[in-house]
Amino acid sequence: MRQISYREALHEVLDYELQINPDVFLLGEDIGPLGGAFGVTTGLWQKYGNERVRNTPLSEIAIVGAATGAASVGMRPVAEIMFCDFLFVAGDQLINQTAKMRYMFGDQCQLPLVIRTVIGAGQSAAAQHSQSLEGLLAHIPGFKSVIPSTPYDAKGLLKTAIEDNNPVLFYEHKSLYNMKGEVPEEMYSIPFGVADVKRKGKDVTVIATAEMVHKSLRVADRLQKEGIDVEIIDPRTLVPLDMDTIINSVKKTHKAVVVHEAHLSYGPGAEIVARLADEAFDYLDAPLKRVGAKDVPIPMAPHLESFVIPQEEDIYKAIKSVVD
Amino acid sequence: MMNKDFAGEMLTTMIKIRLFEEKAVELFAAKELPGWLHSYIGEEAVATGVCLALNPGDYISSTHRGHGHCIAKGVSLKAMMAELYGKKTGYCHGRGGSMHIADFSKGMIGANGIVGGGIPVATGAALGSKMKKMGKVSVCFFGDGASNQGAFHEALNLAAVWNLPAVYVCENNLFAETTPQSEHQHINDIAQRAVAYGMFGDIADGMNVLSVYEKAKLAADRARNGEGPTLLECKTYRYRGHWEGDPQPYRTKKEIEEWKKKDPIRAFQQYVIENRLLTESEIEKATHDIQAEIDEAVVYGRKSPLADVQEAVCSLFV
Amino acid sequence: MRQISYREALHEVLDYELQINPDVFLLGEDIGPLGGAFGVTTGLWQKYGNERVRNTPLSEIAIVGAATGAASVGMRPVAEIMFCDFLFVAGDQLINQTAKMRYMFGDQCQLPLVIRTVIGAGQSAAAQHSQSLEGLLAHIPGFKSVIPSTPYDAKGLLKTAIEDNNPVLFYEHKSLYNMKGEVPEEMYSIPFGVADVKRKGKDVTVIATAEMVHKSLRVADRLQKEGIDVEIIDPRTLVPLDMDTIINSVKKTHKAVVVHEAHLSYGPGAEIVARLADEAFDYLDAPLKRVGAKDVPIPMAPHLESFVIPQEEDIYKAIKSVVD
Amino acid sequence: MMNKDFAGEMLTTMIKIRLFEEKAVELFAAKELPGWLHSYIGEEAVATGVCLALNPGDYISSTHRGHGHCIAKGVSLKAMMAELYGKKTGYCHGRGGSMHIADFSKGMIGANGIVGGGIPVATGAALGSKMKKMGKVSVCFFGDGASNQGAFHEALNLAAVWNLPAVYVCENNLFAETTPQSEHQHINDIAQRAVAYGMFGDIADGMNVLSVYEKAKLAADRARNGEGPTLLECKTYRYRGHWEGDPQPYRTKKEIEEWKKKDPIRAFQQYVIENRLLTESEIEKATHDIQAEIDEAVVYGRKSPLADVQEAVCSLFV
């Protein structure tokens, strides 16, 4: 099958949806002539024009509010927030308007909107441009949360996101945009709430998201040589969360390690561990481990940044600590 | 513009708001209604003047002090009252209550407990209307206090630069909760903020329904004709506390009494009588009918069943 | 000892600090003549005047920013955000400025500021005035998070908060303001990161916060009659989190239930469970349980609100499920 | 006002910024510097004119495009360069990098990666100064794009109503990243936004250091004398891309060349020579010295040790 990048995979879906559905439109900062800070919308403004691909003022509150209001009256906006670090400029719109509107008003409207945003470190972009904040809004009822790790998943999940009639948060990892992988030409949807087993194994279950899937895969190769067979599960969506696949794996391996780039404490991995500690308790043979960013703002200097962000060595050690 | 029917609609709308609010206050004091209550009494001319300047399909969004806007937009008193009671038959099946009434079928896209929170959303509705070429205007009500929120700024800037069919109606009642306007902003006329967006700004006498109507009509027409959004400030006053129970340490009885002299309902009633648009007995009859409708709504609210709890936790997503 | 309310306990500390320290000042919406939406600052404006007790415009971004900037140049602001639901109006200030400023700038300044805010349901105030959002910012490195459950704790913890040279989030539960309890007249500080055992027991450990401490205490009384001896631990601060006390209890009881009013999924309780599932794994005899609000916006109608918010019956069932 | 020393300081400050930026751009292109870089080249007159109008203890806060502000405020080039290199000896021990330089000892309370994010914080510093009666003015730099953020609105409103000693310097370089001003706001003069706060608004020619200095002095004096804050818009232009690597699809080479004709350094150099304040050889000598200082800073940055990783994860709280 042809190989395209994560960026191209996303771009294909946006292009397709703009083409087939007049209600779909894009809005965000610098998504027009530039094609967005990470180039996902490259060429779309040229193709669909000002009305459908809307460069906004530097106003995250207005972006989220406009998308929410437009969705409530029948449009299907796909908004881009340049970095997830800026989501909370519009924190109130997200938490108190977007997330609650449909439910609070007694199901009077649908809210088909997608908010694409960018997570992750690795570019020495420092504390305000390197966070992985996907855990925060997962706690707020009313959002679905998607976090793809491969070009294939990116395409199928974004398709589903745009088809969904509820607010969807879509977290793209900046280090993955150039990553290539097999992606079918045709359109397809990947249902939310279906985890993907990225590697089959029998000794230990690793639950990882975004770039950590790839770091974990490399660690698994290394561990294979040591005779440890790692199963890697990518939940792909945090809300809804496919605990069945995770629990089934743990029933087999009896051990689990959760890996994410978000900060460790009060992070999204805690939820997965907590559910395992309840729902799969009887199958567990070892302490449940988590690997996440150290609990400090992400520093700029590359050696400090790497130290704070989970590295393969950290994942390796965590897995070893439960299989030994 | 002023004929008998229209004058009647204006007057009865204001009376309906006043009587509904008086009843709500009474029920709340009797602890029949759960939650909180922010009364609109005194400000009736604003909601009425604005909403009567709109087409039926136009959008409005509202605030914590939202009953007046709903009523002026023609929503059902029964479903409103049922919502205040927290019943299944209420607009939000009891999930929303006083601060969160919406009736999408009437273009009322929601009251809001977050001050200023509805402004960007209403702006989005205007965007939707424009993109879908629906010809609908989106009106956003908010207070003087709300005009200090970042959400106000970002939304109005967006509306101006995108030339959206929106009207921003600032109900300047001189207080944000307990804080007088002079302590929360260093300006008198909030309409001046329009300058910051290259937007049209205007001021109406919010105690005079005709003044509000006239300015709102102008603004709505501008919006509908693609001439852009307007910031319309309506100078008004609330007679009761910020919320029912407010001890009101921040103003005097005298100040309130002074404002009551400009009562929008009394003033307009006098106007229609003087101009022989309506007779006293017609007004009496209309008031009587409204009271009956409200009483019926109360009975409906009281008697309606509660929403099912299981349903309430199972409908987060469509 | 004299009994005073949670509200009065907080008020005493603010009054005291305003009196002894000219750098301390208060700011927030309607904290002046009214004394705040919940009356905590009653009389302080009258006593200390406009400069020290500052009624702000309706501008949460400005409140948090002003407090942060003033703290960075040597003041010790105590800001009030009327409801925690409004915290994220100032989400960016909190997450990207307040939390990061000191660390990101290489420890060049101290940031002694306290943000007091109100959590909790129970007043039929609906979705935007009833949340318990204490878990969200606990995930952001740079804040200490305090959540007192009694008048005694409220006083001692607020004193510590104002003495601290770092940003402190202080969550007050609206249903507790009128609660009375023994509180010494003199000033005292309760160190952060020291959990309090609210009830000694040997059969099961309940970790609860804010109003849930009291609901759990009532459930414990009921369970005592059934022969189940519940230990109740109130962490009092989420950051830092005193896992030692919690783990020591679990070493004895071998079972734990975490109870909070925040939404269940991705909530603060997940962190406590996750740490137990790692650090106390060998002592556990039963699945780790959590009780939290159901994952929908808080509805207004009293019967719906009660159904969504954890009730004694929910706590009772969770405990029973692990001791049976 | 203009004497030899002062003219010299103005000119050398601008040259120092220009040369520092040119060096940084060069090092970045050579991949010696990690992270990102937003060059201030073209806008030197703004930072220089404003900072020279301040007292040494006054506060400034800055943006992602912050090197110029730092240099004009007199911070150490060595510690700046070391920070760009991500070294232990940098202002932030390598934690901050280009977008997060601060030097509290010089009143430089921080650059910011969040557009508009520093405005409320700088307002807080002004509040602190006022409450502590420090007599310090707090200056906040930000761009045209930033003026559309809610944070801008809330902070300026607060400063106006509390009469804080603050100066808000909007560097209107006509673009927010790739978006031209005309697409992000429906006004030309951002200074007009002062009206919305009952604040003094003013405009300076941001390519003319004397114009900036004069207006900034006025604003700082007003602030210091308790006459309230000012919104000072400086019309300027950046010569390079938004960030190093920007393909710049949004403007033409011709437009850039037009603006370069108004180059603030060349213009002021001409002025000082014509007015016999400085000679060409004095300028040459000064430029030479600056280049030496910058080269020294580069060596310092290069040779400095890295920060200790353990320390970096152990100092979250005081």
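A, B, C and D label the chains in the order they appear, each numbered from 1.
The rule is short, and it goes like this: contacts are C-beta pairs under 8 Å (C-beta built on N, C-alpha and C of every residue); 3 or more make two chains touch, one makes a residue touch a chain.
Not measured: the values here are computed from a predicted model.
Chemist: Work out the mean Cα position per chain and let me know which chain is farthest from subunit D.
Modeler: Ranked by distance of C-alpha centres from subunit D, the top chain is B.
Chemist: How big is the gap, in whole Å, between where the Cα atoms of subunit A centre and where those of subunit D centre?
Modeler: 36
Chemist: Taking the mean of the C-alpha atoms as each chain's centre, how many Å separate subunit B from subunit D?
Modeler: Centre separation, subunit B to subunit D: 45 Å.
Chemist: Distance-wise, how many Å sit between the C-alpha centres of subunit A and subunit B, to the nearest whole number?
Modeler: The answer is 40 Å.
Chemist: Listing for subunit B: what residues touch at least two other chains?
Modeler: 92, 95-96, 100, 112-114, 117, 148-151, 154, 157, 161, 183-185, 315-316
Chemist: Can you list the residues of subunit C that touch 2 or more other chains?
Modeler: Counting only residues that touch two or more other chains, subunit C contributes 56-57, 59-62, 85-86, 89, 92, 96, 103-104, 126-128, 141-142, 295-297, 299.
Chemist: If each chain is a node and each touching pair an edge, is that a line, ring, star, complete or other?
Modeler: Topology of the interface graph: complete, with all chain pairs in contact.
Chemist: How about subunit D: which of its residues touch subunit A in the complex?
Modeler: 34-36, 86-87, 92, 94-100, 112-117, 145-146, 148-151, 176-179, 183-185, 247, 249-250, 306-307, 309, 312-313, 315-316
Chemist: Quick check on the complex: what are the subunit A residues that touch subunit B?
Modeler: For this pair, the touching residues of subunit A are 23, 25, 51, 54, 56-57, 59-62, 64-75, 77, 92-93, 96-97, 101-110, 141-142, 144, 165-166.
Chemist: Sort out for me which residues of subunit B touch subunit A in the complex.
Modeler: Within the complex, subunit B contacts subunit A at residues 59, 90-93, 95-96, 100, 102-105, 109-110, 112-114, 117-129, 131-132, 134, 138, 150-151, 154-155, 157-158, 161-162, 315-318.
Chemist: Applying the document's contact rule, which stretches of subunit D touch subunit B when the two form their complex?
Modeler: Result: residues 148-154, 157, 160-161, 183-187, 192-193, 195-199 of subunit D touch subunit B.
Chemist: For the complex, give me every residue of subunit C touching subunit A.
Modeler: Residues in contact with subunit A: 85-92, 94-96, 99-100, 103-104, 126-128, 133, 135-136, 138-142, 238-239, 241, 262-263, 265-271, 273-274, 276-279, 281-282, 284, 286-290, 295-297, 299.
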